[in-house]
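Shared chain: chain A. Partners: chain B in the first complex, chain C in the second.
Showing the complex of A and B:
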């Protein structure tokens, strides 16, 4: 009986805030960082991998998951909440194809997840999802790469490049400074920019990074540790050279 | 009035099916494919009620795809066959049973074995070296009995298949103009030339 009259957990504050949603966004800010960068024909998702405890198996439970053959997602925040969303999204991808014979567009599945998230900010007895997602992929009938971001409030936006999770602001500022259409014209450029952006936060290097490369028509490609390390070597070298140049010029 | 036939070899399974889409006495289409890829190594040939067949096959296909996305690996042939069997067994015990008979050709990538499953609309299942659904089965099974061996090559299997088709052409009242032929092996599912009766 009382179940039906559970007060909504997410109610407005006197000054117009939904505190539960804002707290959920805080939860996201404590999650490990995830970066997405869109190039001319490539999308790269780079996520921070938390260091594993000594006795723990280094599981390949990734923060980069496939929702459908052509849509990939990275998330930041509560992993368990994300699992629920991922499951719902995967079913919806198949259900959509069953009904209309077309694979979902990236925007459609983003909108679907956002709708679920919004419902949970306006339902009895439920709390918002503490997850932000970065969805990446190519629509079935187009060569245009797409990145979308969702937040716990249920907002969604399309981005050229973005970061979520801890220190997302730092990474985002870095991307704003360093993103240009020239740099991301080639696959290598996109990968390098994404790793470089994540490197701002994940100082420890390749062993704490997972990098996924998405291209039209091919399967999702996860870069090996060695490949990531080689990019990082190049990035570090460039940094040193830059530092030398500054030292030399700033006399 | 449908006819489907499957023959399993050492490392392949061939499935063939008529291409008629008929309702009562009207033949709507003569090039209608009634086979569906459930995943990279599973091929389903359906006979029976056309609408039920489409509904059933597509639903199974999407669920098998979902399994793959959820778990990160393909559903194994045995698991998929039993899943399909249960689906039909539940269906017959419901208010609206599906009238669909299925031949499932599979290549198990883990045990590296081809498999052929005969599943009927009531949910009975058998793992067989060769099988057929429909009235055509009455004409074909005897022929395959006579010529089948597990070690036969794909060409030999196709020639036995052609023998069955010749017999159907001669003695079966329904005229099948052409047959869709596909093969499943370790490399996946491949389309072979249509056999024109």
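Showing the complex of A and C:
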């Protein structure tokens, strides 16, 4: 191995794949699940909280982070990689405000993170970031809620609702089936849908969930365990009723 | 050197032999004054360089006391219908009027303009660079750049050259989502937002007219009239201002060039009104 980092790690395969990037995406799939749902005036981020070891302090494991007063991020994948990205994004949010005298738009900071991720897929001696991010927030001059998702390749897309991490496909299919503008018109509707979607994967309940609610002009609100539990109770009851109805109709 | 000697000044270089300086020296070729390594050899014998350099130095700080000709009058002010920008068009090099048709308003884009005062080259060049940055911003972010951001870009650019003696005194005026924006930016790195500015050697005269009659609730015609009167007053008394008076109005639809009047015609108009 040469001393200088002059050989790229991410090179094309004969059939046009960037395997390192695809492996990074696999790493993301190993991470705990994160869901984001956008309503008419509310955004809800719900993440799976892994059970902490007995001696570990719970509050050091945080998967929902604030990049700026009005932009929140949840991620799936390598925590350490995410830390680096979060740090750079926070600095860029302030730097933007310094030079342009305006807070960042969610799209801007998403684009910034995507550019960094892309650079690491085309640089010498570096591996891609093993992180997918869900960025959520409201732009300074508008009331429209926005959710963006980035992946290790450096792509970014805007979504109405999406999931990343473990079993993301299951959750995503659930959201596609159950998302409608009526359901998410109200704050409660958005929260319920997000928790319900995460519940598909996190069967163990409220103690393994973190839910954040974002609205225009207010601070980030983290739901308490009790609130999450009450939503889950409603969801479980509805499920039972649905099962009863099916049983009754099938007779 | 040779001139001093021919003119009969007692000329002597310390520590050197006379015959080394003569044309017929053993070294052969005639010596040129600028071959001398010792700068003192270019000075007369009793010219104390240390004492006399005070004459050429700036009392305030470093750098020679060169009087930069910021010969111009430009002004801009916000009012209820937008921003009025009025400028003259004279360029001077010392007492020579090098041009009477200079465009002192530079369009950055359809809704942003910058005025020019100070060094013409500096203003033109940096405002074009600013236009480039504004265009890139618009392409990248799919939205217009704010006046605050545009003026800040120029200010930061120019501040990084502080000490290199750039000469720029410009007003960035435009319309963005927050309404009218007017910033004064100069080569010291000053950047101020305000309702009324005048920049250039004729600005004291312009300010005296503006400050007397400025109101927020002017009509468009009244505002243009006030701006023109102020610049005309400046051209009347300031030798470095004159030529044509160019007026612009900026509103939500962008900037528009309103008029291009010879200042002499305006003076005649005001004089005829007096009678």
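Brief remarks on what is shown
Definition applied: the second predicted complex is superposed on the first by the 244 of 251 C-alpha atoms of A that agree within 3 Å, B and C clash if a C-alpha of one lies under 4 Å from a C-alpha of the other, contacts with A are read in each partner's own complex, and residues count from 1 in each chain.
Throughout what follows, contacts are C-beta pairs under 8 Å (C-beta built on N, C-alpha and C of every residue); 3 or more make two chains touch, one makes a residue touch a chain.
Fair warning: this is a prediction, and the values are worked out from it, not measured in the lab.
When the shared chain is aligned, no partner comes close enough to touch A:218: not chain B, not chain C.
When the two structures are aligned on the shared chain, A:91 is found in touch with chain B, with no touch to chain C. Of the two partner chains placed around the shared chain by superposition, chain C is the only one that A:141 touches, whereas chain B remains out of contact. By the document's definition of touching, of the two partners only chain B reaches A:66; chain C does not. Once chain A of one complex is fitted onto chain A of the other, the partner contacts of A:56 are absent, as it touches neither chain B nor chain C.
Legend: residue contacts after superposition of the two complexes on their common chain; A:100 is shown touching chain C, with no touch to chain B. Of the two partner chains placed by superposition, A:203 touches none, neither chain B nor chain C. Across the two superposed structures, the residue set of chain A contacted by chain B and also by chain C is empty. Residue ranges of chain A in contact with chain C, taken from their complex: 99-102, 105, 107-108, 111, 141. Partner chain B is touched in their complex by these residues of chain A: 66-68, 87, 90-91, 93-95, 97-98.
Chain C makes touch with chain A in their complex at residues 140-141, 145-146, 148-149, 152-153, 156, 177. Touching chain A in their complex are the following residues of chain B: 58-59, 62-63, 65-66, 69-70.
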